[in-house]
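The chains carry the letters A, B, C, D and E, assigned in the order they are written, with residues numbered from 1 in each.
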């Protein structure tokens, strides 16, 4: 008879309606501000700079090589290299960025900067509550706002952080082993920057 | 049905059309067929009706600006009485042109892409090319887009208007020599070319 | 001279029975319109309620993707392809990665191919489910089917977020494989979502398919003849609904689709009802592919290690690679001049080309049916205007 | 005496009208005193999906719409008349029923005529 | 109406409120957004109104198609130069009090498509924006946060006195100039009444900007 399809549809919605009183899995609403979904580990929102130890100035891994500035598709990173150097984790004198701005009103959170960074200095953050009504100051994060500790990195991406730390520890051990050898011959050429994967060392891409 | 057989059948059926196979050095091996503008419509109709290419999937505009080719040429020159061979850098200007590529497929025989290329005389006035919309209806919107972004005028197109930009817009933005409009007032993370544009803006508008 | 004469639509404006001619009303179903799936505009000339003329206007979301890609490196354009067809971002990445692999002749390891098929078919599932929801929303069923569709879509987006990090903008494929391997437990969760999907499909079909109002509004409306479909290069479910047997997964056999047994559903009338029903059938085929792919996915590397991420310079040359995206044949035509930036980067947008016949389908129908026809063509403005 | 009978009805009527109008009055007072009146050319323009609307909406359209409207109006008014008839339906004798039937049949006869002239056929 | 007295009374079960609180509470709990999706952020906005994130809990699930019945415009997606006049005209046609949420990187500053010739670098060049949500696209939770921020902002609006909101002060404009299509760009390219960017210290970035590339 004519209305039979419509009745079947209404039966479907009725089943869902009455079913929601019985089985909880039909209620999919998450009452956001009070109740939050468990955070998915690989989530990414905006980049942040990782620093080891407690002092964010000294422990910052970034050496201002400006590879991420060149590779960033929407060009939303600005780096000013410092003139002087500071010792990095291994004790070797490295530059550090005097200014490191990310304009999060342009950033498309595509994590290419994380992929191309040879020093694991920049990683993707997961925080969500960023709406602001201050257009010019609120959306330009400077070095201080970006710097977050390695423990925080372990908090948000545990497995990935563990893998990065293992790789870094291995390189630091290799660099330590090479250092006594390097100490005997005159100033050895600056040891190649530790490179986790296979991309070339510091080669200019242009 | 590789390119050579298609070329020979075309030359047999379409009198005095100038065809040229352009070799594609990349491993994809998709060599293309350059056809002159006058006989393009006849070649296209033949390809469509008897060669079975009934599916024109993609129409692309490409801008080749005038290039200066400098190559080393061995020139025999009398230098202080002695016949010596010196290599001299000769600069030859390759005239620029606008090119339109049609990727044709045959649905029945399931043959791969046959890129059909057409080139205009130059990039200023002689930008007229025959429209292939009467042959393949799919070229209608894509030819309008090539007209809008590159400036190639397709003769015989049923409704040649700008597709993407607004109608009062005058220049053709996808050409290599197009300069973006200047709205660089607030560039907090300007570096490299964005920095030059921001400085240009600062100099033109003066320190605000 | 027009080479092919396909059945033209009947003349519309025959004078009214009692000889009184009526004035035409020219309105624009403009950029901001609830039923145009974004900022798409149609200049419609109406005689009373019947459509006399319909001129689509594009360009309101022309974001100059191709001009920006000419100043970006090859890797830098990958996140931009997510924003082309922003409902199925992984198939856009796949088409771009396939084109670059054809351009530079790169091999892709086995596990990466399987991951590409799995994520590609998941994208097809959520795209077809959302499309049916949007089509019903356009036809007035304010939200119920869309709620069902988005409930399933959220499960699939959670899978994408667990794998690639972002719900909608996955940026997952690299030239020569994928970026990240599956985290622990991802494949089991994906298997759970896929095994539950047929139950959702039955629920969805119960809700919609038998509905008489729906059948009344969609059957016999916007009929697309197979000859016109081939001539206007209509691709994807819209062409197959008119009986054109052309599925690029079967034609090009790209990636490893030859290993999976799936059928290509074909419609017979080519009206809005066929285009809408064919998406249901394609979802069932995708579930079959997903089950087979997840059963025999091998272990192994996901990208060949000597592939350079930075400073990737393919040799000069050009290539046209295409895949079967949920909207149709999505192709990338790349011309390389040996530098790190592509010389010319062209996207073959299936949504734009499927709109070539919008006027032919809409002549003579009522205004309300124009909304249904546009909904069944399944356009996404990011891809139409690029 | 008789006016005493209708007094409650009048008071109730006034109360109902007052109940309906006071929020409107309050809103009007509020708007007049608090929010200034700021009309503008673009605000008062015709809304057409964000574009400037050209052309005019007052056009000659198909007579079919007009006829549909008239036939609907007739039956709408008929329903209003049927209302009191339905309320007092139980207390009626044969005479009143026949009178009402004649009224109904007249209108149905109009509908049959319109149907035969296939005014209701749409396209 | 100090807080202590109010808290004391409400303990006894007597609820006191002021006309302003009632007015703001009524307006902030039923903000009707304009059905105005431009690009990818629109899909995330629709996902926010769907079952899982459910914008209806904040009274905002009614998406009005016409600006006449809407009082919030969520600019979700890339505002291109061809679309800018329409966006500003829609904003003008909305009745007061009206608010704007600029959702996503493209609506704030042109986002990833900033280098495009047809992309307007942010909608706040033509209309005043109340809340900005960075992200590309921002997650539904970020949009709900923005809603809460907007509701707090509406709650704090004074009805009388000098810092009255824009729609209650007679002098403030409620309409903004609609740009026209020019030969090479929009005319005017931005609305100085709304768009006042600070002077970015180019000099600092310029010292050794491209020195060592």
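Going forward, a residue touches a chain if its C-beta (ideal position, glycine included) is under 8 Å from a C-beta of that chain, and two chains touch if they have at least 3 such contacts.
Quick caveat, the model's predicted, so the values are computed rather than measured.
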Which chains make contact with chain D and with chain E at once?
C
Chains in simultaneous contact with chain A and chain C
B, E
With contacts counted as defined, which of the two, B-E or B-C, has more C-beta pairs across the interface?
B-C
Name the most central chain, where centre means the mean of Cα atoms.
C
Just how far, in Å, is the C-alpha centre of chain B from the one of chain A?
41
Taking each chain's centre as its mean C-alpha position, how far apart are chain B and chain D in Å?
65
Could you tell me the distance, in whole angstrom, between the mean C-alpha positions of chain A and chain E?
29
Could you list which residues of chain B touch at least two other chains?
164-166, 173, 186, 188, 190-192, 194
What are the residues of chain E that contact at least two other chains?
51-52, 82, 86, 90, 109, 112, 115, 117-118, 136, 139, 197-198, 205, 213
Touching two or more other chains in chain C are residues 30-33, 59, 62, 64, 67, 79-80, 151, 154, 169
Strictly by the criterion at the top, what is the full list of touching chain pairs?
A-B, A-C, A-E, B-C, B-E, C-D, C-E, D-E
Can you list the residues on chain B that touch chain A in the complex?
186, 188-192, 194
Residues of chain B defined as touching chain C within the complex:
24-28, 30, 32, 45, 48-49, 54-58, 60, 62, 101, 103, 107, 110, 113, 115, 134-138, 140-142, 162-166, 173-174
Chain D residues touching chain E in their complex are 34-36, 38, 40-43, 45, 47, 49-52
What residues of chain A sit close enough to touch chain C in their complex?
2-6, 8-9, 11-13, 16, 28, 40-44, 67, 71-73, 108-112, 115-116, 124, 159, 197-200, 203, 205-206
What part of chain B is in contact with chain E in the complex they form?
164-171, 173, 178, 180-181, 183, 185-188, 190-192, 194-195, 198-199, 202, 207-208
